[in-house]
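Consider the two complexes below, in which subunit A is the common component and subunit B and subunit C are the respective partners.
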Partner chain A sequence: MGEVSRLLVDYGPAFGQALFLTWKLTVMSFVAGVLLGMAVTVLRLLPVPPLRFVLTGYVEIFRNIPGVVLLIFIVFALPDLDVVIDYEPSVILTLSLVCSAFTADYLRTGINTIPGGQIEAALSLGMRPMRIISAVVLPQAWRAVVQPMTSLLIALMLSTSLASQVPFPGRELTALVSKVATDSAAGMPAFAVAAALYVATGLLIAWAGATLERKVRILR
Partner chain B sequence: MRVASASAAIVLLLLAAGVGFRFHAAGQLDARFWEFFAWPTTWSFLGRGLLGTLTSAAMAAVIALTLGLVLLAGRLTRLRLVRWPSIATIEFLRGTPTLLLIYVCFLVLPPAGIKLSTYWMLTLPVSLSTAAVVAEVYRAGVLAVPRGQAAAARSLGLTEVQVFFLVVFPQAVRYIVPALVAQLVIVVKDTTFGYVVTYGELMENAKVLIANYHALVPVYLVVAVLYCLVNYAISSASRRLGRPMH
Partner chain C sequence: MTPTEPASDSALTIRHLVKEYRRGAPVLKDVSLTFASSGVTAIIGPSGTGKSTLIRCINRLVEPTAGEIWFEGENLAALPPARLRRVRRRIGMVFQEYNLVERLSVIENILTGRLGYVAFWRVWLRRFPAEDIARAFALLDAVGLGSDFATRRADQLSGGQRQRVGIARALMQQPRLLLADEPTSSLDPRTSVEIMDLLRALAERERIPIVINIHNVELARRCASRIIGMAQGSIVFDGAPEALDDDRLATIYGGEGWLQ
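Up next is the complex of A and B:
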């Protein structure tokens, strides 16, 4: 315990900033990823075969590629193609692409839980296809996928540790631990503090997700 | 609708052409960036990297499946002294990034006198965090087995250990095979961090190739395709295994 308190005296503010950066990266890539994933899902519903083919490829690629391979490609290989993206946007882009592929996948499963009769009923009421998607399909699909989306958010939060692989000016939790362990002998307490912060964040997300799930789930 | 399809196809082809032109304009289509892919040495080197990835992933999977069972048993027992530490271990390993655990094995343990080989610096953290997830997957399977099964087994006079290993667990496994195989995809993805500890897996070998030929784009593209193919094969297998269960 003495080691942890000494560490917090030396690095306390740094841990605060690192935790904040971890949260910021998580929130930004989740919001971007969810919006992108929703767009992919809707476009995949359109009866346009070439678009479907390409978007299925998109989902399979970003679901299966390891995050760090994608990040390193964006940061180190894209400049060779004269595309230069700054480090922080690169991390957020990587995480949102991966998040969008999983969102599209889960949302499609959510859509499959909606009975076909509802679509027929909406059509017979004279609703247009886009209106059916936005007013009938998507709201119910979202309510069906709260649980997998919660797990996705937790996985995304843990994946922000990827940011430690690029020379980022700010440090998130994993990068901070690696710096503390390199600079001083306080590696173990630093790891313990960072792990506690990750676990606490994860439990908080899980609790929020479970509460939301209880509120919005549809019993069929 | 045919008009929409045709115009979508044209837009997508233009997009692909734009990407191709970008490659050409940046000089990335030059022969010197691609010719070494015609040499067998390149492929045998990448192949060795892939083998490194797969040996680490396979070992991690075996350890995780076993340790996951231990953690599950600890979590399901009635003894609080065993149950609470098991829950804490699961939540801790599940809630910490694998990369952070790798850094601990790489940066924190050696000064403390614990020296692991690069293989174990990668495989051990991956196994531990996977084991915790696998324990939770097992638990979901166990909870899905109808309660009457355990009750019936008990009323036949089986001991608790027999009830678990002969009746409940074999049925639980059948529910969760797809989820377990899907977890293998995450294991393969996690072994990508091998380059952090300089273990010779696919990503590390890719870095060596890049240092030799200065061909970042082609090598990373080929590596990304290899990872996608391996993981796509595993995902497809898990979907096929998943089908008869539903």
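Up next is the complex of A and C:
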């Protein structure tokens, strides 16, 4: 216990900042990823086979590449193609792409829970296709996917640790643990503190997700 | 030959309607029908004979392969999407599975009948025009539910109550034609009769024709002024309920053993 308290005296504010950065990366990637994933989902509903093919490819590619590999590609390979993206946007881009692929996949499952009769009912009222999607389909699809999206948010939060693989100016939790381990050989307690903060964040997200789920779920 | 508009005393005229889901395997084979501007028409026939397809071709939830569908001076089969949507607003539809929005209240479900008319922001903020809300409450009474039901969630209702909401929603469109696809197939016998009687009474009150797909022959006889029998994609009987005898039923459904 003494080691942890000594660690917190030395690195307390640093852990605070690292936690904040972890949260910031999570939120920014999640918002961008969800918006992108929703756009992909809606475009995949259009009856344009080539577009569907391309977007299905998009989803499968970013769902099946390890985040670290994608990040290394963006940071170290893209510059060869004269595309240079700063470290922080690279991390957010990586996480957003992965998040969007999973969002598109989950949301499509959510859409499949909507009975076809509802679309028929909406059409027979004289509603436009885009309005049916935005007013009838998506609101219900989102309600159906609160649970998987909660898990996705937790997974995304944990994946922010891949930022430690690039020379990031700020340090999120995992990068801080690496630094503490190198600087002061206090690897074990540092890891324990970081792990506790990850778990606490995960529990917080799970609690928020469960609360939201209870509020919006549709009983069938 | 350019399609010509039929005589104006008919509300709906179907000419040479063909629907093939697979090429060379028509589900509807050259169906022609004329519907008067009032009255209940029941379409009966075995499962898979094209009744649902026929009713869905009328408002083009199913795209016809060939033929004309004349309604209020327009051939629906040839309408571009925007004009088709305008016509759809004037054709109410009632479904077997009700197709209500379960998490919304009864009154909100009825108001969704106005979705084709009101501006999007009004729907989003749930600010329907006052006259729409007044009409929704009037319809709630008309379908026998009463204003006590207004704030109940749709998923708390029984099947019969849900179908009443479905009917009120269709009438909320102020339709000039009402289509009903097996409106009583999920309901118990007594509720089925009540729903059919309600449909007939409302059609008379609103002075609009109703076309109903129905499995129950007795119910069709009781409520319809005209019965159309279909078998294998064609019309094999078209006449008054009294003319529907056992021979005709055998023609429609095939075999005779089940009539004993």
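Here is the rule we use: the second predicted complex is superposed on the first by the 220 of 220 C-alpha atoms of A that agree within 3 Å, B and C clash if a C-alpha of one lies under 4 Å from a C-alpha of the other, contacts with A are read in each partner's own complex, and residues count from 1 in each chain.
One rule holds in what follows: contacts are C-beta pairs under 8 Å (C-beta built on N, C-alpha and C of every residue); 3 or more make two chains touch, one makes a residue touch a chain.
Being a predicted model, the structure only gives us computed values, none of them experimental.
Peer 1: In the superposed arrangement, which partner chain does A:Val68 touch: subunit B (first), subunit C (second), both, or neither?
Peer 2: A:Val68 contacts subunit B only, not subunit C.
Peer 1: Mind working out whether A:Arg128 is in touch with subunit B, subunit C, both or neither, as first, second, both or neither?
Peer 2: In the superposition, A:Arg128 contacts subunit C only.
Peer 1: Subunit B or subunit C: which reaches more residues on subunit A?
Peer 2: B
Peer 1: First (subunit B), second (subunit C), both or neither: which does A:Gln17 touch?
Peer 2: In the superposed model, A:Gln17 contacts neither subunit B nor subunit C.
Peer 1: For A:Leu81, is the partner it touches subunit B (first), subunit C (second), both, or none of the two (neither)?
Peer 2: first
Peer 1: After superposition on the shared chain, which partner residues are touched by A:Leu51: those of subunit B (first), subunit C (second), both, or neither?
Peer 2: First partner only.
Peer 1: Thinking of the overlay built on chain A, is A:Gln118 touched by subunit B (first), by subunit C (second), by both, or by neither?
Peer 2: second
Peer 1: Subunit A touches which residues of subunit C in the complex?
Peer 2: Touch list, subunit C to subunit A: 56, 59, 61, 85-89, 91-93, 95, 97, 99, 101-103, 112-113, 115-117, 120, 123-124, 155, 173, 179.
Peer 1: Taking the complex as given, what residues does subunit A use to touch subunit C?
Peer 2: The contact residues of subunit A facing subunit C are 115, 117-118, 120-128, 131, 135-136, 143, 218-220.
Peer 1: Within their complex, state which residues of subunit B touch subunit A.
Peer 2: Interface residues on subunit B, with respect to subunit A: 1, 4-5, 8-9, 12, 22-23, 25-26, 28, 91-92, 94-100, 103-104, 107-108, 111-112, 185, 188-190, 192-193, 196, 203, 216-217, 220-221, 223-224, 227-228, 231-232, 235.
Peer 1: Which of the residues in subunit A end up touching subunit B in this complex?
Peer 2: Listed in rising order, the residues are 46-51, 54, 60-61, 63-70, 72-73, 76-77, 80-83, 154, 158-162, 164-165, 173-174, 177-178, 181-182, 185, 187-188, 191, 194-195, 198-199, 202-203.
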